[in-house]
Amino acid sequence: MVASSDNAFVSFEHVQKSYDGETLVVKDLNLQLAKGEFLTMLGPSGSGKTTCLMMLAGFETATHGEIRLDGQPINQVPPHKRGIGMVFQNYALFPHMTVGENLAFPLEVRGMGKSERETKVKRALDMVQMGAFANRRPAQLSGGQQQRIALARALVFDPKLVLMDEPLGALDKQLREHMQFEIKHLHESLGITVVYVTHDQGEALTMSDRVAVFNDGRIQQLAPPAELYERPDNSFVAGFIGENNKLPGVIEELNGDRAVVCLENGERIHATAVNVRAKGEKTLVSIRPERVEFKPELIPEGSHTIDAEVLEVIYMGDILRTRMKVAGHDEFVLKCRNTIDQVPLSPGQRIRIGWNPLDARALDMI
Amino acid sequence: MSDVASQLTTADGRPLKAALATAQARAKRRAFFLVLPLLAFIVITFAVPIGQMLQRSVYNDGFSQTVPALTQWFEANPKGTVPDEAAYAALASDLNLMKETRMAGDAGTRINYVVSGMRSLFTKSARKAADLEPPYMAALLDIDEDWQDPRVWNAMRTASSPWTLDFYTIAFDRERDADGKLVKVDENQRIYFKLYIKTFVVAAVITAICLLLAFPVAHLLATLPMAKANLLMILVLLPFWTSLLVRTTSWIVLLQGQGVINSILVALGIIGDDGRIQMIYNQTGTIIAMVHILLPFMVLPLYSVMRVIPPSYTRAARSLGATSWTTFRRIYLPQTIPGIGAGVLLVFILAVGYYITPALVGGADGQLFSNMVQFHMTKANWSMAAALATMLLVGVLVLYWLYDRLIGIDKLKLG
Amino acid sequence: MALPTYASPLERAWHATYLVICVLVFVFLISPILVIVPLSFNAEPYFTYTEKMLSFDAEGYSMRWYDSLLTSGMQASEAVRDGAWWSDLWHNADWVKAAKNSVIIGFWATILSTILGTLAALGLSRPEMPWRRTIMAILISPMIVPIIIVATGMFFFYSNPCAIFGFGCGRLTSTYTGVVLAHAALGIPFVIITVTATLSGFDQSLIRAAASLGANPRRTFFKVVMPLILPGVISGGLFAFVTSFDEVVAVLFIAGPDQQTIPREMWSGIREQISPAILAVATILVVISIALLTVVEILRRRSERLRGVAAH
Amino acid sequence: DDITIMSWGGSYSAAETEAYYKPFTAETGIGIVSVDADNPATPVKAQVDAGNVTTDVALFLLSDAVRLCDEGQLMPIDASMLPDGIDGTPAMDDFLEGTLSECMVPNDIYATAVAFDASKFAEGAAPSSIADFFDTEKFPGKRGVLKSPKVVLEMALMADGVPAAEVYDVLDTDEGVDRAFAKLDTIKNDAIYWEAGAQPPQLLADGEVVMTMSYNGRIFNAAVNEGKPFEVLWDGQVFEWEGYVIPEGAPNTEAAMEYIKFATSSAPSARFSERISYGTPRKSAAPLVGNVNGTDIPMAPNLPTYPANMTNALASSADFWVDRETELGERFNAWLLSN
Amino acid sequence: MVASSDNAFVSFEHVQKSYDGETLVVKDLNLQLAKGEFLTMLGPSGSGKTTCLMMLAGFETATHGEIRLDGQPINQVPPHKRGIGMVFQNYALFPHMTVGENLAFPLEVRGMGKSERETKVKRALDMVQMGAFANRRPAQLSGGQQQRIALARALVFDPKLVLMDEPLGALDKQLREHMQFEIKHLHESLGITVVYVTHDQGEALTMSDRVAVFNDGRIQQLAPPAELYERPDNSFVAGFIGENNKLPGVIEELNGDRAVVCLENGERIHATAVNVRAKGEKTLVSIRPERVEFKPELIPEGSHTIDAEVLEVIYMGDILRTRMKVAGHDEFVLKCRNTIDQVPLSPGQRIRIGWNPLDARALDMI
């Protein structure tokens, strides 16, 4: 699935972008995308995701570097011949057309006959559960409804490449899951290539073949979801993806990928060395909350155990998020499944928690 | 749908539509109060004066106020009665009154509008009114045979009431024959209707040209960075500051046979000295000069609308597969409609009303309907001018209504 | 405006054509102005490029029209040009008086029509505005009625505005107020039409945002709506000002000898003599407006810079 | 009290200022506010109709004066109150025959005549009669035509051979009108129409026309003041007089009357004629007209009233036009529009 | 905390709203809000949430019913005097003002001095981590950045009531959590009242005092988060909040709040009766995925056990979402914590799963 720069369907090579000639918004982007791939861009607000999509779609020009689409430098191909469907972050529905006309537009410009058009529009509207709204104007729709129309419009003409800029951001969970399913389904059945921007990590992890984590105008890591989550390359990625308990310390021993870290309160723990190079280096030990146990019977053999004081229990429906003080840090989080027999923890309670040393990862200090 | 709707009610049983109307009443009032000051201003400073003026197209007391005796006779005798001695006696008495009040001219003028050449009949007769003796019929016919012309009597009967449609009759190129029937005037007197149509056609042509020229310029100005756009904007505004009279004159300098353009063409050898092009004192001249004068009225509204069209729509269209042309036609153009509407409205209406420029550069057939209004105004024929002005007004309002029907004033408001 | 690299040859050709068209239109717009400037220095009283002018013979040119502009109407135009002479000029010269009147009348008429017109356009552009079409038609009617009818009608009415109530209350003819009211009425349609068109693209949620932030309607208007619709208001105001500045027929009827304006002065004796003096006036106005527009643009750029906004 | 005088503006008013206003103010202490109008009759009629008269004295064409006088909008002026001529002739006799009317005191006599640029014609080949104006074979090229039936129809008939004395009799018949228009047809394609008095000299100066109808004063101005080789053809011209009236309801009728008496007396009238080439209606003033103001060119031969210029001239008939202006105006407009 | 209609800070009484006079967008809204409360509106796209906020803010008029603010009918108070801060779904930043000017605007209209204004603006910008952007125009910001500015602007003038329409929708998880914390903090420290619209259930459950679930123009349930999750009033709420396994069946026995349900494949299970009234009624039995166990040693005593076939395992970072076929239904989901010692399930595997009958809830059939 992963493409090399020669046979890639989309490729960014050393792409830079600046809006004002002063600061680089995209710094050195290298990215290859195979045909049929589902790639998600994930990154903090303002990290350049939209800018990348805009360059790919041809609405912004890279200040440096080259973008290729299907082997051709993108500059040669006018936007309407790229066959790129796009969902804009602000929807960009045509205000002077009804919903139906908005959807028919890409079909019309492709010279499709009226009856075929109508069928396709109807199908697309049904897909986003907006069948009854064909005659409304965009201004008469709610935010989520507008977003659904924008999505339907980008897909209705079966583009080979679809760029989606937070296409489900304004939808509720139920609908979002439905739409995720529809998008995945289209992706698989039609073999379209998707570049997807989302803020929803769950969405990124479940839908994508690969995820590109952006920060500061660079790709920090580009990997399949599980790898990203399990083996983040650096502490930015570790911190950005999923929840994370971070304990600062100093490397005391380094032995291949095994390290012993001295935490700030003097306690020593074992950890997997990821991004650390030398003894004495400062490090952040990262432990995923779901890898921490507190019921004595569940703490596996060989686990590292440590004292903790419960500070707060937050109700999250399926999960009880428990914040506690560990090794002097009061942002240590543990997640308990909200089962009927769950032992309720309460603030002030002192417990002993444990984790498998393999799950503790010593990362670079950012 | 509306059947169902009419049955829909709110919780306490009121029809939903009514509830909606009540809920919106406040908003309506608020909107209306914003408009009220201007409406009051226009009504007082403009509508009332103009209404009074236009009323003159159906109201002219030039004759009626000095003919009490004749009025009585007309009331007593139905239309078609051949004037008898009593009628002439009434006429003689009224002529005397005219002489005393120095109103013979007014009365004659009023009748003269309908039956040409009859003004002096009144002034002449009024001068001699004091010497008239019975039998009045003979005495008056002695002054002028025209006193037995049935057209004069018909005209006097009609004019004895100040309210009249006579001026519209004339404006429609009609007149009353001896039997009082409406007939078309002689071919060589027909003018208003033809000119009316022509005026609207010329205005439409000018509007179309302005739109074609203004659109690219406004687009350029709207897409250029503000700094450059403002510089170029000076080029649009400069002509605007310059007196209409000066600009019109300037076009004469440019376009006439020995003018700048022809001379340059001759100097360049493009045309021969005897092949100078006639670009002025004809329809072409009118159109060129008026397009120039009205162009800013098209550019500026277009510009102010285009400036705020977000680029994301064009982008979206391109991403959906539209060529730049389709994007322009289907996405950009429709969003400029408010600007086009405003510009077209301005230019067309102004073009319909212009008369100075056509008069100066238009040549024989260069005059427009407003020139006729002007013509009658300078002759102090308020009623005729008012009738023609009303026609112009009605014509524009009908077009406005059509425009609203076909395109919709509401297209001025998207969504 | 630069064309992207992927543009097709056809698009390139069209783009070039488009630029050429724009240039031609600008030339079309400006050439009558360019033509009159040299003619205003004509030594002869005609609008003709004489042989001498074309051969750049100094004799073909003169300042006589500018001179006549200044001196006509002065009490002692032949006197030495000292302070008293300039004061005489400022107070008595016909064209200076006319210029002052034009500016005063134009200013107030523009203020009046722009304020009332913008306010009304705000109301008219609200979806809930009742009887929009009819009111709109009434408001733009000053543009439709032939000016000569307007002028005469207003003259009759302004001669005794209270006559409709059956009593007299002085007259508005031969007063500044009368001319300003007339010109304001004539300018209003322009403001209405351009501002309404601009408002149609206005994002109404910004008004809501401002209100939610505590701005009263007046403040919302001045701080949020106004700056955004300013291009429209300015062009409307510009139209209104030019309407007044170039209007002569209403002035002919309504103004008295004290309210003579520039066009009125140009009109004086136009049947008798059109002289390059009016071209000299036009040239002076062109120079002044270029200067004004340039200053405005410089100020605008300065304020952008001060506010730290990148030029756009 | 100041009085307001409404007149034509331009060089006409300039002449009035020098010849009348300044000396009048100097003599009586009555100030004069000068107002110009396109045609003073229009605003004056409006002022009287509106009951808002601000004009004390206005300068009217005869036809307008007759019309408004009949309508009671002008004050009748008793001509016998006018001062005697400088030579002692009573006023009633001093004014040219027929120029005095009920409400107007004549100020000057102007002519609409054919004019041409002499430098464009070979010696002796210049147009010499009104018929030449209508002869496009002999004189090809454009000609400037007044855009008005008045004057133009009369000229057409004279060019068609109708003697001046019979012009209005002929024009009073339908056939006569047809005949005039038929004559006009012959130059229709070569006509450039003008309305403002300043246009004809401009047209001549630009070489746009070979000859043009024009007010004689404008041509004279161009010739004398600017040295243009323009000449007036004193054949078949139509002359009319214009003069002062007092609107009914004028605020200062007494001072107005004072002014009119002053301005229409012999010496000022002659002074006026020296400043603009329109003839004085006062017989006693004619001999007083000297050189063109500030030059040594005698003015008299350039006036429409100069006997040698009057051999084939027509006095415009106010009576005729008052009756027929509406009808013929419409017909003329229709004719302009038809192709 | 819950307010009665008399002393409520905000109250909606029988409020109806129609835009077109044909359909009711809000049908019969009754809602009381106490001072200092944090209420979240949750509901499908187009269910009328924004409309409610707009009515409260005074930008739309109710077609029927009454809305009171601080005891006063809202119609009496013009919007700008209500002291309501609002974050709009489309941000509604003033395009002609810089970010700094946008923020200073509400302070300026309150006549605040320049230096105080600057301090406040700076603090607000720092709160949303946009301190460096004060001189930018909104058009030069990314979507998320715009949203942050909108949020800062609504809070900068310390309003007593804040309406937020999906204020964090365009933010990434990290930032969103930070902003959630900031908002909660402001809410608590300043005692402001918040009406919050979100699509993120986690957000709704963690932040709110009460949650109003909207559907079809009505409030379906208005309750504190835990109650909503644990005891949904009807199957819409059950289905809408959190994930849910639904097994259709028929009530066979009904005994107080205990029911026996016959599933479609004939299997009988015990369940808690919630919204069912009679024997023979059709029902949906709802079981939260996190309440289902598959490791034999973890299935509690007395649990109901049933056969299942694993269809798909979806990687979600902290959780492995396992879809399986149960009692003929192939959308049955089970969530396993992604721990290092997790027994990996694989598609096709047949297992036995179980749950505590108290966790099975027999609801009305929608």
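The chains carry the letters A, B, C, D and E, assigned in the order they are written, with residues numbered from 1 in each.
Operating definition for what follows: contacts are C-beta pairs under 8 Å (C-beta built on N, C-alpha and C of every residue); 3 or more make two chains touch, one makes a residue touch a chain.
Nothing here was measured: the structure is a model prediction, and the numbers come from that model.
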Common touching chains of subunit C and subunit B: A, D, E
Intersection of contact partners for subunit D and subunit E: B, C
Shortest walk length in steps over touching chains, subunit B through to subunit E: 1
Farthest-lying chain, centroid of Cα atoms versus that of subunit A: D
Farthest chain relative to subunit E (centres taken as mean CA coordinates): D
Central chain of the complex, centres being mean CA coordinates: C
Two chains joined by the most C-beta pairs in contact, as defined above: B-C
Intercentroid distance (Cα basis), subunit B paired with subunit A, Å: 66
Centre-of-Cα separation between subunit E and subunit A, whole angstrom: 22
Centre-of-Cα separation between subunit D and subunit A, whole angstrom: 92
Distance from the mean Cα position of subunit C to that of subunit A, given in whole angstrom: 57
Residues of subunit B whose C-beta touches two or more other chains: 24, 27, 324, 335, 377, 382, 414
Junction residues of subunit D - those touching two or more other chains: 38-39, 46, 49, 195-196, 206
Shared-contact residues (touching 2 or more other chains) in subunit C: 7, 11, 47-48, 152, 156, 228, 267, 270, 274, 310, 312
Chain-to-chain touches, reported pairwise for every pair that qualifies: A-B, A-C, A-E, B-C, B-D, B-E, C-D, C-E
For the subunit B and subunit D complex, residues of the former touching the latter: 101-106, 108-109, 112-113, 116-120, 123, 188-191, 194-195, 198, 256-259, 281, 359-360, 363-365, 367, 372, 375, 377-382
Residues of subunit C defined as touching subunit D within the complex: 44-48, 152, 155-156, 159-160, 171, 173-174, 252-253, 256-257, 267-275
Of all residues in subunit D, those that touch subunit C in their complex: 4, 8-13, 33-39, 43, 46-47, 49-52, 54, 195-199, 201-202, 205-206, 218, 221-222, 225-226
Contacting residues of subunit D [partner subunit B, same complex]: 38-39, 41-42, 45-46, 49, 67-72, 142, 147, 181, 188, 191-193, 195-196, 206-208, 319, 322-327, 329-331, 333-339
Parts of subunit C lying in touch with subunit B, wherever the complex brings them together: 1, 7, 11, 18-19, 21-22, 25-26, 28-33, 35-36, 39, 47-49, 112, 116-117, 119-120, 122-130, 132-133, 135-150, 152-154, 156-158, 164, 181-182, 184-185, 188-190, 192-194, 196-198, 200-202, 228, 231-232, 235, 238-239, 242, 245-246, 262-263, 266-267, 270, 274, 278-279, 281-282, 285-286, 289-290, 293-294, 297, 300-301, 311-312
